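Shared chain: subunit A. Partners: subunit B in the first complex, subunit C in the second.
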Partner chain A sequence: MRKHTISVLVENQFGVLAKVAGMFSARGYNIESLSVAETLDPTISRMTIVTRGDDQIIEQITKHLNKLVPVIKVSDLTGTAHIDREMALIKVEAKEKNRAEILRIAEIFRGKILDVSPTSFVIEVTGDDEKIAAFIALLKPLGIKEVGRSGKVAMGRGSKTTD
Partner chain B sequence: MRKHTISVLVENQFGVLAKVAGMFSARGYNIESLSVAETLDPTISRMTIVTRGDDQIIEQITKHLNKLVPVIKVSDLTGTAHIDREMALIKVEAKEKNRAEILRIAEIFRGKILDVSPTSFVIEVTGDDEKIAAFIALLKPLGIKEVGRSGKVAMGRGSKTTD
Partner chain C sequence: MKKTGAQILVDCLVKEGVDTIFGYPGGAVLTIYDALYHSPLRHILVRHEQGAVHAADGYARASGKPGVVIVTSGPGATNTVTGIATAAMDSSPLVVFSGQVNSPLIGNDAFQEADIVGITRPCTKNNYLVKDVKELARTIREAFYLVRTGRPGPVLIDIPKDIQAHSTDYVFPKQIVPRGYHPTYKGHPGQIQRCLEMLATAERPVLYIGGGVILSGAAPEIRKFAEAENIPVTMTLMGLGGFPGSHRLSLGMLGMHGTYWANLAVTECDLLIGIGARFDDRVTGKVNEFAPLAKKIHIDIDPTSISKSVKVHLPIVGDVKHVLRQLLADAPRPRAQVAQARQKWLKRIAEWKKDKPLSYRSGKMIKPQAVVEALCRATKGDAIITTEVGQNQMWTALFYEFNHPRQLITSGGLGTMGFGLPAAIGAQAAFPGKTVIDIAGDGSIQMNIQELATAVQHKLPVKVAILNNGFLGMVRQWQKLFYGGRYSHSRMDVSPDFVKLAEAYGATGLRAQRPGEVEAVIAKALKTKGPVVMDFVVEPEEDVSPMVPAGEAINKMILL
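What follows is the complex of A and B.
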């Protein structure tokens, strides 16, 4: 049950997310993460969906997606050269004795400090699964209060496009 | 019709996204962007939904979301002190004469170069709507080939949490 990252271009019309999410749900396919937002052309949105399944299941998902009316193009990026990144916002307790260490960890991970209060930091970090997991694992013993993750955004390497 | 950023904690169970997206669609509320991914507790996911509406509509959306079974908590972050950020991946044409300028623009926006080919760059940038729009506007005349955006991730400022 390999993880697959599927990029879906859809017409930015009313109810398109409900159609796509409904197809996954009705057919019993799970969605691990999903992000959707406008592309450069505001009439077209791109969804990045992370799901798990063997080759047969992924083929079925791709087929069903292609049949949905507002879907323009489906690309399974898994197995092709691609970038696969996520943004996480992490609110961490900032006790006096931990503040320097938190800032050091953030620096190593090229994190950005977005908010500082007397008792907390909010740090933004971007990267692949492993990097974000490692960052969270390092901060966890210091006291994580809240985590918000964007879900994956994926793009093929090189000059080719999935548009 | 103000933009609202709504943070929704849901049980990470099968079909939850279809339920939420279906509620928006069935009741005629639009979703401008959405991101969903696990929180620190893998049984709980956080959705960040950007939608538009007057106060009455947003109140209705919040009510309907609260009624959905897998929904744990709904917070409308609009009007409270919060961070509201997005990640964008931008593939831009890298003609010889433009390469230095693209790198300069990326540096100003604290962008990260994720991929380089003889004819293209992929640049990651994070920020609020305005920053991402300004970055895209600067790169557009140089030739943008592809844009992938994560949708918003939002978090209250200070040490309070929405969990």
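What follows is the complex of A and C.
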């Protein structure tokens, strides 16, 4: 059961997300993360889907995605050279004694302080899922109040495109 | 030219070559119905929207042309869902139009509002809510393109009432091809060569053909291929008629209620070529013991069907007609040694057939199998047959000899009771001059019996043969075999008097109670001009045999 990152170009129409999500749930596949946004061409959206399965399941998922009429192109980025990024916003308790430590950790992870109050920081951090998990793990003992995480966005390396 | 949405819909239907639609008017489609009033389209008014979809499905399966349905919003639309799911499972080309409440009211829980696009999303090939009258013609064009190409299936178009009334400049659009939709028709040449290599050494091959053969019109190619290679052919329920049942190479149906020799042949074969079939659980039984000795080749237009349940050695994605032509073009004659082995293989199968032929014991009561055989004789095996679901369906599959494609119309994948009568009406609408018979049970006929009125009103002379055993027979059979004989709620003590019921609807009712009366009733029914219901009072506890218990290997048959 390997994690796969699948990039899917779809018609930018209403109901397409429901079609894709419905295919996963109806056939018992799981979506671990999902992000959707318009591409350069406003009639096309890109979905980046992270899912998990053995080779046979991933093959079926890819085929079933391709079978949906509003799906234009499916690329499984796993196993090809690619970059992927997630973003997290983390609201952390900032008491006098650990404010400096939080800022230090944020700096190491190239986090950005987006909001400061007498008792809290909101920090933005970007990276692959391991980096974000590590960042959260370090801040946890200091008191995390809230976490907002995005789905994954991914792209193949080099000049070749998936469009 | 300016036209309203409703006028555009009617014009598009005419230009798409539609001649018949099945429907039921209501509040949200009044504007469309007003446009139908002066149109050349024949409208068949059903008595329940489920009946409209099954009738359109029967029309489509009999003729190969898309079936068209118009229903109103809310309950009109939700009543179509079973019919749409039935068509989706059996890859039947349908275009269903539903009315929707006025656009500004959508999402408001308005009167007769249902999110039918949401509800039918998983059981349509694609579906649409038309939000702008300018999009309507394009959408209809795309829908017809989808149902006519690739693996067919139902498409639904939901049209809000205000869109039907809005006007726009209209020209019938050119072909619309969705940019992400490219069905593969031709088989990959490398795979074709590999297929021929595997075929060249196969001494015990079997062709296993399904509904895809009928959908792609490949029956002539299957016959040529089987004859050229001297390979026996077994058929799924959906594939019956795709190869002549009377042919020396026909093994009949395989699977849960398949013939003894077909199931043994599949179990013993060294090469299995699945063509337009999908290794369904009713066919394979226990998956890892299905054709255990065979190399498997799978030819199908839908890549998702390949290696879904059974891992195959060689997949060929493509339209089966195209692929068979490619194979036929390059196939060398089998070498002498292989040809000899195949001759031996056919002999072995013939012995199995001689050993355990299809049979039943005659008795004092009418046997349902005898009714099906009598119907086959009386119609010279040439009628269009629809069925309901259950024992009636299996006896039809086993005892009526289908020699032509599109001759058997049955709900295979979804197994929808109540399918047969409306489907027969649709088939009859497509072929007014042909004999169309719904072989039914007393249980399932009651699921859409109201459509008798449709048949009478539209002068569609369908014949219904009820194998009346007073039970939900297949449920009873499972209860007998696997639930200790506890007939939990499968007995239908009370049914209407079907003869009187037929008469009440304005049809003809006939009854046979003894074996000697069967042929006369059938002869009279076939001579009668209008719709006829034949009530055959049959042996109440007759079982379908052979039977493979669910989850068992298909060579583990119970012969009852």
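Note that in this section the second predicted complex is superposed on the first by the 163 of 163 C-alpha atoms of A that agree within 3 Å, B and C clash if a C-alpha of one lies under 4 Å from a C-alpha of the other, contacts with A are read in each partner's own complex, and residues count from 1 in each chain.
In the analysis below, contacts are C-beta pairs under 8 Å (C-beta built on N, C-alpha and C of every residue); 3 or more make two chains touch, one makes a residue touch a chain.
The structure displayed is predicted, hence computed values, not measured ones.
Novice: Report for A:133: first if it touches subunit B alone, second if subunit C alone, otherwise both or neither.
Specialist: neither
Novice: Which of the two partners, first being subunit B and second being subunit C, lies in contact with A:15: first, second, both, or neither?
Specialist: Touch partners of A:15: subunit B and subunit C.
Novice: Is A:113 touching the first partner subunit B, the second partner subunit C, both, or neither of them?
Specialist: A:113 contacts neither subunit B nor subunit C.
Novice: Could you look at A:60 and tell me whether it touches subunit B, subunit C, both or neither (first, second, both, neither)?
Specialist: second
Novice: Examine A:73 and indicate which partner it touches, taking first as subunit B and second as subunit C; both and neither are also allowed.
Specialist: In the superposition, A:73 touches subunit C alone.
Novice: In the three-chain superposition, say which chain, subunit B or subunit C, touches more residues of subunit A.
Specialist: B
Novice: List the residues of subunit A that touch subunit B in one complex and subunit C in the other.
Specialist: On subunit A, the residues that contact subunit B in one structure and subunit C in the other are 14-15, 18-19, 22, 26.
Novice: Which of the residues in subunit C end up touching subunit A in this complex?
Specialist: Per the touch definition, subunit C meets subunit A at residues 117-118, 121-122, 125-127, 129, 146, 178-181, 302-304, 307-308, 311.
Novice: In the complex of these two chains, what residues of subunit A are touching subunit C?
Specialist: Going through subunit A, the ones touching subunit C are 9-11, 14-15, 18-19, 22-23, 26, 56, 59-60, 63-64, 66-73.
Novice: Note which residues of subunit B are touching subunit A in the complex, please.
Specialist: 7, 14-15, 17-22, 24-26, 28, 30-40, 46, 48, 83, 85-89, 91, 93, 110, 112, 114-115, 117-120, 122, 124, 126, 136, 140, 144-151, 153-155, 157-159, 161-163
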